[in-house]
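Chain naming follows the written order as A, B, C, D and E, and within any one chain the residues start at number 1.
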Amino acid sequence: MKFFMDISKLTTNGKAIYLAYDHGVEHGPVDLVGKSIDPNYILEIAVNGGYNAVVLQKGIAEKYYLEEYREKIPLIIKMNGKTRFPAGDPISSQVCSVDEAIELGASGVGYTIYLGSEHESEMLKEFSKIEEEAHNKNLVVLAWVYPRGKAIKDETSPEITAYSARLALEMGADIAKIKYCGSTECFKKAVEAAGKTKVVLSGGPKTEKPEEFLETVKSVMDAGAIGVAVGRNVWQSADPLAMTEKIKKIIFNN
Amino acid sequence: MKFFMDISKLTTNGKAIYLAYDHGVEHGPVDLVGKSIDPNYILEIAVNGGYNAVVLQKGIAEKYYLEEYREKIPLIIKMNGKTRFPAGDPISSQVCSVDEAIELGASGVGYTIYLGSEHESEMLKEFSKIEEEAHNKNLVVLAWVYPRGKAIKDETSPEITAYSARLALEMGADIAKIKYCGSTECFKKAVEAAGKTKVVLSGGPKTEKPEEFLETVKSVMDAGAIGVAVGRNVWQSADPLAMTEKIKKIIFNN
Amino acid sequence: MKFFMDISKLTTNGKAIYLAYDHGVEHGPVDLVGKSIDPNYILEIAVNGGYNAVVLQKGIAEKYYLEEYREKIPLIIKMNGKTRFPAGDPISSQVCSVDEAIELGASGVGYTIYLGSEHESEMLKEFSKIEEEAHNKNLVVLAWVYPRGKAIKDETSPEITAYSARLALEMGADIAKIKYCGSTECFKKAVEAAGKTKVVLSGGPKTEKPEEFLETVKSVMDAGAIGVAVGRNVWQSADPLAMTEKIKKIIFNN
Amino acid sequence: MKFFMDISKLTTNGKAIYLAYDHGVEHGPVDLVGKSIDPNYILEIAVNGGYNAVVLQKGIAEKYYLEEYREKIPLIIKMNGKTRFPAGDPISSQVCSVDEAIELGASGVGYTIYLGSEHESEMLKEFSKIEEEAHNKNLVVLAWVYPRGKAIKDETSPEITAYSARLALEMGADIAKIKYCGSTECFKKAVEAAGKTKVVLSGGPKTEKPEEFLETVKSVMDAGAIGVAVGRNVWQSADPLAMTEKIKKIIFNN
Amino acid sequence: MKFFMDISKLTTNGKAIYLAYDHGVEHGPVDLVGKSIDPNYILEIAVNGGYNAVVLQKGIAEKYYLEEYREKIPLIIKMNGKTRFPAGDPISSQVCSVDEAIELGASGVGYTIYLGSEHESEMLKEFSKIEEEAHNKNLVVLAWVYPRGKAIKDETSPEITAYSARLALEMGADIAKIKYCGSTECFKKAVEAAGKTKVVLSGGPKTEKPEEFLETVKSVMDAGAIGVAVGRNVWQSADPLAMTEKIKKIIFNN
């Protein structure tokens, strides 16, 4: 078992930019505006933009990634998923096995834990088993930790953001993907709480002006994050590669 | 593992017409008017009509298909099922194993996911395991994706139709079976959202005039679907083979 | 796997009379009036009456059937059970394994599905697994299909009766045990819906006059049923063997 | 598999007195007045009183029984348990495996089924699996059957008492432990309902006067029970061994 | 199987002081004031303070303990966990396997049972399986027993405290970690109820004055506890090692 994963296959000099593209399950095609409905469009951005990995559900990985792109860019498989419809506190169940992820060529696996959901215990348990098997089989483990549900008053408060980061560490994730809490100062607290678990920003919906997003990236890098998992702010932009360059400049030249 | 299934065993020149006959579970004999109560009647239509496959629950496959028809027409086993009675958000559980499907001579397996149901996570998880095992054992995987439940305002809106098609792709289905959204334009969006996952129309209840159904078939073929899974519009019609020919003409001569 | 079971071990010239005796679980001793509280009394009726099989829960089979009766009369093990007390929609869980049934000398296994119950999906799933294993191990599979629960307005309507019969066929049962719908005509519809799955009448509570029950037996035989699973109408009667003869005359001489 | 267990290892001339001591889980130390808080005190009573077995949860068996007492007195392991706090219909889950029971030196295993609880189906299922494995491994199986929950109007009515006894038989228990219904006559009905499954009285809380309890013991023995599982009426009494002798006199000299 | 564990690897002359640090999951970083956000800070206190063990979730153990500290201080892995958010009766699910705990170098495993929670049965069942496997694999088993939920009126009443201790014994724990009930007298009852299961105090939140906590430690030691699992009262204090010395003086010199 490899408890302390070498994450260098998913980083460059310890920094990382991931292209997230699991929105087809989580939000539906409404997010996949214009050319971004086509997975090949995204995969080309990922390759040409020099991303450290692309994040896909297994179905996209099977039909688009495996044959054409496995030599070109590393893969992180999203291991659970839900649509945006069911009401009540969220639960997102495992929809891919660790072995399937490996056969698809994945270097890492990601799983969403809805911190505070009344179904939290089921997700913590499921994540924990994935973590054990994935580490045994030499995969990097990423935890998306999103506070959500009736019990959560403010999903991006400084305190809950640090809690999210800490939960990822305590559960054995190598990398935590969390939301922005609004300032460098509070994000620094989250990075501190995550300890040896690395932190990447969850990009979120496209900001009105690109500068806003870039400022957030700068803020989290200043706070000690290792990078960002970006989706809509890149592939919904008019020039994804140009936007990518701007983000990379902040991440890797800082 | 075969992630990218060869679906040619269930298509003709990339197009397909399937005869669906799982209504005995889903709706009860009320749907099986006249001779259509008899599975042999249906299987003869399937063979004589030159269908690419017939869709059956395991019980019908055991007692009618296996000995008499396995050499004559391919089989798609419906892997889950529910009756029309239980109130509340729908859940349809697995009622056939992948090994059983194989022993029954199936070339493919179909599973209904009720997108948006509060039990969605259970079906996504179950479908996912079936998909993995079926692909490992060389079966084509079909996802029936039907929006349903309290959270779904309009089960055939353009947006939810595209979402259904996309979910099938993201979950690893080879073929998505979805409902008609009302226009060629919106169905084209669904086909686009499905990407490399092929789309077939879910036939639905018998239309008042056959022309209405044929227009729908034409519309989805124009939109890029590969065909249709038809049931009541064929076997509830006065002349099923004539109706079949009309549908096939649209599907295969287009 | 034997999908098309030879049911001749549980029939005589294709007809059958079964002595049902699982009321101790389902209803309690209140049903087991007089001598019928004693399993030996029932088993003697079954043997002396020339029944095609006796239906028992595993506990009775262990302590009364196995040593004394296995050479004398075939056994159908009831695989699930519930008491009459819990409120709400019914669920009846598996309480005997297929291997246990075999060790007890069973030729067949029976399982109750409450069609329409909000727990229907759990029972369909469980029945399905039992069906697969039982057929693999050469046991006849019987489905008791009883419409029940909030969603069921009329448990013995013609339509729901035919639905019950059909569900047994679709789920892979060899024999369906269903309730009487009130007329030969409607029961004929149910038999037709069941197709190659054979239909036996579920005897129900003791009728006020024996003639009433015999008329029902005649009606279902006229409708194409292969026989009856009778309990209270025999062993609550003053002369069980005489009653048995009357029923057998209708079933086997028709 | 041994369906018809030899219970002589837990009886004397077919009669039995068991010392029950699982109250620490079910009720808490409030029941364990005076010296009875100490398991050794109980085990000494069991040995010196010549009990046929002592009934313990696995924790007590591990730390007190295994090394010191396994040569001195047989053990029945209580396989499930719950505290007295959770509201609503009761559920008591398995907390010891059959293999663990065997390693602890058990001759038998006991399990509580709450007849009529809305969780009844889970307990019937779990009991059933334990029964199968325990019989395969040569352990005597005891069912504590207690009517409980919203659906039960009177937990000690004659009818429900006979139902409890019958359920134990139908589920495959060798010995049923049930509550007293108030008269010899009604308990006789319960014993009759249990058939070849032997019946022992569940001792219940300490009676105001010892005579009351002794009368109950006399009543159930007259009714055909094989003995009693006694706890508080012995170890909460001033002179447990004297009380034991009085009970044994009724059980074994009758 | 080792039912009677040798706990000397986690004690000194039968006494023990554990440094608990699973608050990052249970309460979040809000508890981890100042330097205590850093696991290394805690591990240094544990080593330099001469603790008998440190209590960690698997994530901290993987990234901080395994390589640097396994030779320096024994480890107890916390096997389940929950955040403080979900409303309603608490459930804490297993998030680490026994094999994982062993690979991380653990000498013992701890699990929280919420006595009285409506999810109690799930935790009792899960704890029970962990206990069996852990004892088979030579790990000391600790039960954190905390009364909690709608059914619990007073979480630290004398009676519920003794019940907590007893439950740990009955379930097979080697060591019970329970809350203080307010007096030496009532804690003595709890220790008595725990029997051969050793009792340690659950330290709880930082007291206003250190003396208060030290008095509690003195009280439980006088009552027969073997020690304390302390967290916030040490690592939130200005001088953790000084505080440690004061506690140890009470525990080991008494």
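Just so it is clear, a residue touches a chain if its C-beta (ideal position, glycine included) is under 8 Å from a C-beta of that chain, and two chains touch if they have at least 3 such contacts.
All of these numbers come straight from a predicted model, not from anything done at the bench.
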Steps in the shortest chain-to-chain touch route ending at chain E and beginning at chain D: 1
Distance from chain C to chain A - Cα centre to Cα centre, in angstrom: 55
Chain centre separation in whole Å, for chain E relative to chain A (CA means): 34
Where chain E touches two or more other chains at once, by residue number: none
Graph class of chain-chain contacts, one of line, ring, star, complete, other: ring
Order of the ring members, counted from chain A so that chain E is second: A, E, D, C, B
Parts of chain A lying in touch with chain B, wherever the complex brings them together: 22, 24-25, 28-30, 32, 37-39, 57-64, 66-67, 81-83, 85-88, 91-97, 100, 103-104
Chain C partner contacts - residues on chain D that touch it in the complex: 1, 3-4, 115-118, 120-122, 124-125, 127-129, 132, 147, 149-152, 159-160, 162-163, 166-173, 189, 192-193, 195-197
